[in-house]
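Okay, structure first, notes after.
Think of it as A, B and C in the order they're written, each chain with its own count starting at 1.
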Amino acid sequence: MFRKLHDPGPAALTIFVDGRPVTAEAGESVAAVLLRQPEGWCRTTPVSQSRRAPYCMMGVCFECLVEVDEQGSVQSCLTPVRDGMRIARQQGRRSLGA
Amino acid sequence: MRPDIVVIGGGTVGAAIAFGLARRRQKVQLLDGDDGDFRAAHANFGLVWLQGKGLDMPAYQALTRDSIASWRSFADELEAETRINLAYEQNGGLAFCLGAVEFEKRGLDLLRLHNQRGEGEPDWEMLNRHALERLLPKVTLGPDVTGASFGRRDGHANPLRLLAALHGAVARHGGAVRHRTRVQRIEAADGEFRLELPDEVLVAPRIVIAAGLGSGELARHVGLEVPVHPERGQVLVTERLTPFLPLPASGLRQTADGTVMIGATKEECGFDVSTTSDAAVRLSRKTVRTVPALEQARLVRQWAGLRVMTPDSYPIYARSERHPGAFVALCHSGVTLAAFHAETLAEAIIADALPVKLAPFHPRRFNVPKAA
Amino acid sequence: MTPTDTDLLIVGAGPAGMAAAVMARHCGLSVHVVDDQSEPGGQVWRAIETVAATQRAARLGAAYQVGADRAATFRSCGAIFEPQCQLWQIEPGFKAFTTRAGRAGKIGAKAIILATGAQERPAPFPGWTLPGVMTVGAAQILLKTADSVPEKPVWIAGCGPLTLLYATQLLAAGGRIAGLLDTTPRARLATALRHLPRALGRLGDLAKGLGWALALKRAGLPTVRHVCELQAEGRQRLERVCYRCDNGRSGEVAADVLLVHEGVVPNIHVPLTLGCNVSWHVDQQCFVPVLDVWGETSKQNVFVAGDGAGIGGAEVAEIRGRLAALRVASRLGMLSEDDAVAAARPEFVALARALALRPFLDALFAPRLQVFAPADETLACRCEEVTAGELRARAAEGRPGVNQLKAFTRAGMGPCQGRQCAYTMAHIIAAIQHRPVAEVGLFRMRPPLKPVTLGELASLDEQEPAR
């Protein structure tokens, strides 16, 4: 859906999205990275399993919820990337390790 | 068109009574207060519960038992009429016990209740940790959980859908549901009741006051003294989760939507409906002690409701002697008692006579002086 | 984490929050600032610290680059700054509860300045929840923070200065715009021109805006005017946009990304949960906290500064931040009343001047009423997936209030807590029940202000005395 205008160069780092390594740049949000992936969507809703993607990018819509390093329902637009971060798209209702 | 009966209060109690009246062909008007009123009905946990009820008041245990016995058919009928799924499950319920002392006390209380009942097979049992774990395969219990009491007849339902269904059913049976129609005064004279509403005066031969915390003032107009006071209860609700808790527990249940409800506090703080961080923290700690995995769950909403509390916590059902035709009904277990309200109580109101088994619920038990 | 105590807690490190912090520190107050982002700057100067050092700062414009200087001043003013910190409750006293890095925290403060800014006005339409539909503000944030633009030529629908600004910035960055669906109603300019004489005091701003509009015109972008209906379609993602104009003309375009914008409204979530009085602004169809000239709400020692006090832009926000800080300083005895008033005098003058353009802008970009009357199949509540049609049907039975409607339909019960649906619900009830929107109001908003985890809550210091 979106593309970056420049190459991160030395500021590049790697995060994992559903197990796949993806290049990101220090300082950008997880949501921004997800919007550059071919899928575009970042979760399916717990109510109807419909696909959603980030909508507001500022924390007031809660569409960008993903699992970050095993913590679920994290607002990815407010989460800066870190090298080695593991992101998982949330599908439907969350499962706890209960 | 003149109504046969006006029910004042559109909460779970009033709406269930109105439904019972309407389906027995009474012309009913159900009057609900203002949108911002204290609405215990919006704060209900959703348990349809028997275990632990009525310690030292056998009549209340019996009342609860009766209501639960007919809850299934009550729910089926409501669902069929309104097509609203009440999500009623009656597979039993738990009360978790943290620590051996709590476990032992629980067992003794339930035994006492059983003895007070004086008959019938026990419909509860104490489950040690091992038995509890077998019952909850998807749950890893916290180390402090000693066990739980299991009540065979307990269950849960969606309290808001119940309320919506009751309102809908009243309308379907020809009753009128009127929101934002607060009764300011009741004038009882010549065998009828004149209700002062914001924009009109409504006259009816019979009325039922089921206005929760607002009942005290209204009941006085018809010669009844009903002592009620608020007891705050705060509840937490999480985001939706995949099913893992197959049975409701008092204080912890997973709804059909997948959300987990956690409750509830018992606070004396007047009419303050603020939610507090203290409650959020205490309820979270207790929950995480019981099911540690819930520490990852997100709290989406917290609310506070004011329980309609009487001096001994048990319901008040009364018929006015000074002004026959006026009834009062209030309790803080409107969901569990909904079936009873819709059936036995509604019938009694139509017959203009409360049955003897409801005598223990008359407010004279508080020895309060009658209104002059 | 043990509680920290401060004189002044500022929620939000945007223009207003930063200006308030700097002024408060100047007056000798201890200051603690929290923000849910990782850097100061709010939305208008989002990621300014990261971006200022790069090449792309230049093409984002001078107004953005001003933020770098502000952020530097803020960083060195001696305020405690906690980024990536979510506020979930404020209790009287004041005790503010936060979470950060998985742990809850508590801040005691004598006064609070809420500088949480604004959000885009929710403008629901069928298909608005499809991946590929986003706000113009979101796209601008992506441009600033990630130097990203839509891959394919983008469609932009809406009305308001942000739409023009983003379109200009996008083109300057080498992005491509497929076309503009301008929803500004016909004859709006004529109405707005009434306010032009006053607006002429802000000639520079006017010229800037005109400049954007002309630049876009020169770019020769396909523009459809007076669009009054939108629909996004596609299987599981945006594929097409359908539109209809007020003259009946309709059309359909292929689209990968659709950006929408129908103005901004103050964030009133926190003031509402604190019980502050709000008033209804008919022109902008939104609630605004009731404030005195210093920005104090109806709750003593709670202030609102910035766009949260009423949309005014960055310059106005900074002035309001400083005014609130001055008042807090005099309230807490760090400044005499006379000194506070003297320091405030030039700020009040500057404020009046800075606000001169608002009536013109507010009239020009007043929200069109279709925004509040989405088609029945629209998901009015995104989180709980409740359609406008469902809300209408329920609102018609027995005339429930907005809290009752929420209880019956679940609309408003999701994680956004009404940020995307409360206004829509109020308008739907108002329309069905023939009541003014201001009287219908918004449903009761409560903490938690953000969905914190039970573990974070449970971690709050064990030593805390019970309430």
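Everything below uses one rule, namely that contacts are C-beta pairs under 8 Å (C-beta built on N, C-alpha and C of every residue); 3 or more make two chains touch, one makes a residue touch a chain.
None of the values given here were measured: they were computed from a predicted structure.
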Chain pair with the higher count of C-beta pairs in contact (A-C, A-B): A-C
Of all other chains, the one whose Cα centre sits farthest from chain A: B
Chain B and chain C: spacing of chain centres that average the CA atoms, whole Å: 41
Centre-of-Cα separation between chain B and chain A, whole angstrom: 43
Whole-Å gap separating chain A and chain C, where each centre is the average of the chain's CA atoms: 23
Residue list for chain C, restricted to those that touch at least two other chains: 414-415, 451, 453
Multi-chain contact residues (two or more partners), chain B: 239, 294, 296-298
Residues of chain A touching at least two other chains: 47, 71, 73
Of all residues in chain B, those that touch chain C in their complex: 32, 34-36, 39, 42, 160, 163-164, 167-168, 171, 177-180, 236-239, 262, 275-282, 284-285, 287-288, 294-303
Residues of chain B defined as touching chain A within the complex: 138-140, 239-242, 244, 258, 291, 293-294, 296-298
Chain C - residues contacting chain A, complex: 36-38, 43, 47, 50, 55-56, 84, 102, 119-120, 129-135, 137-139, 141-142, 145-151, 173-174, 236-237, 256-257, 267, 382-385, 414-416, 419-420, 450-451, 453
Chain A - residues contacting chain C, complex: 1-6, 25, 27-29, 32-33, 35-36, 40-41, 45, 47-48, 50-63, 65, 71, 73, 77-78, 80
Residues of chain C that touch chain B when the two form their complex: 89, 91, 95, 97, 104, 106, 397-404, 407-408, 410, 413-415, 417, 444, 446-448, 451-455, 457-458, 460, 464, 466-467
